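Here the chain labels run A, B, C and D in written order, and each chain numbers its own residues starting at 1.
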């Protein structure tokens, strides 16, 4: 696979069959794409509206991207952004909290782990719907698929929150049974985890959270399997999780109230791709000095957003109109594009 | 005042009279220096032990620095570091938390502000004891006094926590009465705020916190003066607070459990002075190209720590042994010094 | 089914359709109009034995709060002690909950406003004793405890100091209007807006603290009658006006 | 000061120095040795009228927990309801507190182990009635409520299932050893280690849930006697073994 064949763009109605394949292939609870044609079509339409809307941010926008391998003309992955977690209502998480309880007389001091139901992440922008065709999982494709979203958010910051979060799947067996759910949610919500997910569907989790205890959960009182599941990642989530971790997302503070999976969060400005992002002019006199390195490169359009992988000099301040990446992104002279080094650490520059 | 006359160094026993002046001059509750000769002497001795100790970090170390104007041979300020907030015990704060309570039937949705007693900052490294002679408050002296500590922490990171916090004085009237204390602490601890401070003295606040409610405080139930005091800074704390804010400290999350003043915190690596810090070699062939700009510059010694303000080229990778800053810091050829731009934003480079 | 009061010529009987008109104008022991429409439980009417005109009433509910959650504050205590400082302070706490779920209830205790106060106490006492006898005769549908809510005090302006000190910070509109509009459901709507964690009474205004658990004017006659029948304060108060919840254990009835 | 039990030839009297030796071997209604050394309150001894040998005892405390905070769990309820899903679940909650601070207490209820069980109940009943009479005669030093703690159940291995399900997660050592070492203070030390916020009973093991509020073997005779004297479960349990706190309102005594 040639990295130059990869193109990330907004989803279009023509991608419906591809999305159906993705929804069917992505494992239970991992993708947030519904395995249902009607609902998928609605998701595509909502996304198209979000990309096209002129006024910024009612907060209910969800943006969906697809990754295309142009050498085969095929969609090989999806990723998304929800502008505002909870859609201006509450978005619940458990926050890990540690308190020390001590009795000098008994000579005991314990650091107690508690889970604190909170709305801290309400209104955060959420990264969602990550799925990559397994054949593409080992190259730079997942990097483009996940990280180009950050450059999109950076360019249209007025539509998003400055803090970004992403849910990650927690431990569950093949039948979808989750040890965390069994120990916590099930006591308040008399059904299996898959059932509970189905009942809530795309709904706001606030509805469920209202059924959960509003005092902290004392972790030592949970069965061991549930304790162990707190903040644990389902193996299928490792790839997108590791990309976010390398970006600098914090994975230690919040967990999902259903399956206990880690919910990561960060300040947009501090993320690696954003810190290394720079705007380049397209201009005829652009010089081509410096060592070339692989970059994420995106144009400055909203509805016509395009993101690709491109080799550029790390010191470039501008690109020539005939640079192949400029051509692939369709950026005209005088316009700008944004780039961010794929492996900003010097030692990694040799990677694809 | 010539910035080149300023030198920051560890406090010495000979500085006792100067510290006494500082402790007497610094207003009630602002400095953490006790206005008491015996206690001050003990503080100096503890600091000398901390700087000299070979093994790293029992966590009880407190480091005290003084700022000297060498043109007058006088101490004009102090600042300090406590290696570990709470000395491995609990360090209490209130965390601002917001929860939404809604009744669809009544058509009401309230965002409730609560204060949550927490130990989140236990073990953080604390910046303490900031005091600057008012005559020096308007130049770069406070920058050196406050920020050189960060470069000290950076160099001896194994002695400190990667997260840094600093308490800031909250609102109080001239008699030391605090509206926040009156509404909260006093209900549980039957005395005035100055009295309570005196009783706790240098002690761990955990002792007091055990007397405070362990359920959240609902801010709407507090008198208005106390609500207004939450997170408010006492005017005398503005200068050190603004320096920390510019460094990137977060001031919105934690407040002091006594007076409601903002307790700021940050990840060391993300602070401005640390992000822009770089190590320079001292070597004969160092070239002097590039625009000069003012920098914090510190040597790499622990007990012999020195920090000064110096003009260097922003692109310098090394300095010559006869560079005046190298001479002032006493760094020998082959050794290193650390520098960090005083005003890293290009537009500010012209400031002193 | 009906008992005749020896001294007064009173009779306890069940509900009759024609009672509705008269009872519609009465106010119960919490100060509000009787719930005649969708009320659970059994009505007991104390009537003039000769004319059968109602003089007092109550409604006996087997298990409360099973359809609509019933909220109250549990009134607890927490000691904050520090031996080194000689400090030992007992704080009163309030915790929102549904502690009475499933308990039996005396509701809508009310008298004809024409009855003089002492007669009201006598009438209600006879009615409550009749209710207790009914429970003793058929204990199956009742729980271990019989509770009753009493109105809290009002100030001269007709506002409850407890409400002013607590509820009003979380619901700005008029609680009496909301009570009139939503009936019993009003307080479960209110509960969604109130703090869910333990509150310290000392954070409330002195007036609110003083009012907590006190019996207000609309409940005076009922309180006297309930006391005479063995009811007492049960460490819970109403979430709007802070009026007390009283109760008696039904297990004891069989010992009488 | 002493009453003679008509039927049995029993006498209720105060403490005598020579009682200490005999009583030192008895165990009280919570299963532990009597607190003979620094015990607050007044001892009442039921003795053989002829020989004056003690057969049962109790200690009557005017106001408990004023020097050493007394901890218990308040047992509450919270309803979690979602009409759209047809969900209506009542959860039992536990909240650590000092709710009994300042209340009066019956402590160290104990019998001679030589007394057959039914005689134990009769002896304790007479003793409790004597205590109530004493309060009625001199109500000044007593509070509105009289409480008593009862032992919770133990399993075959002698461990309390409630402790295994709750306390043991926060204090790993042997609670009986700690009780022996620290006496009454043990449970206030323990309280410093226990969760301070509301717990949901459903998070505990099924055995612990079942044991909560149940009367254990060491308290059986006392429980029967207390029931006969009008005491009942007061929605609180002990923080170590989950045994129930029972109480009776003293206001009612004057109505007897």
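One rule holds for everything that comes next: contacts are C-beta pairs under 8 Å (C-beta built on N, C-alpha and C of every residue); 3 or more make two chains touch, one makes a residue touch a chain.
Composition by chain, UniProt nomenclature: A, B, C, D = Arginine N-succinyltransferase.
Because the structure is a prediction, the values reported are computed rather than measured.
Show which chains lie in contact with chain A and also with chain C.
B, D
From the C-alpha centres, identify the chain that is farthest from chain A.
Max centre-to-centre separation from chain A belongs to D.
Round to the nearest whole Å and give the separation of the Cα centres of chain A and chain D.
57
Could you work out how far the Cα centre of chain A sits from that of chain B, in whole Å?
Taking the average C-alpha coordinate of chain A and of chain B, the gap between them is 36 Å.
Averaged over CA atoms, how far is the centre of chain B from the centre of chain D? Could you give it in whole Å?
The computed centroid separation for chain B versus chain D comes out at 53 Å.
Two or more other chains in contact with one residue: find those residues in chain B.
Residues 215 of chain B each touch two or more of the other chains.
I need the residues of chain C touching at least two other chains; which ones are they?
78, 196-198 - these are the residues of chain C that touch more than one other chain.
So that we know how the chains sit together, what is the shape of their touch graph: line, ring, star, complete or other?
Complete.
Show me the residue ranges of chain C that touch chain B in the complex, using the header's touch definition.
78, 80, 82, 85, 87, 89, 91, 166, 169-171, 173, 178, 182, 185, 189-190, 192-200, 202-204
Where on chain A is chain C touching in the complex?
So the residues of chain A touching chain C come out as 214-215.
Enumerate the contact residues on chain C facing chain A in the complex.
Residues 196-197.
Inside the complex, what are the residues of chain D that reach chain C?
Against chain C, chain D makes touches at 65-67, 69, 74, 76-79, 81, 88, 90, 93, 95, 97-102, 144, 197-198, 227, 230, 232-233, 235, 249, 251-252, 255.
In their complex, what parts of chain A are in touch with chain B?
Residue list for chain A touching chain B: 89-90, 97-100, 118-120, 122, 270.
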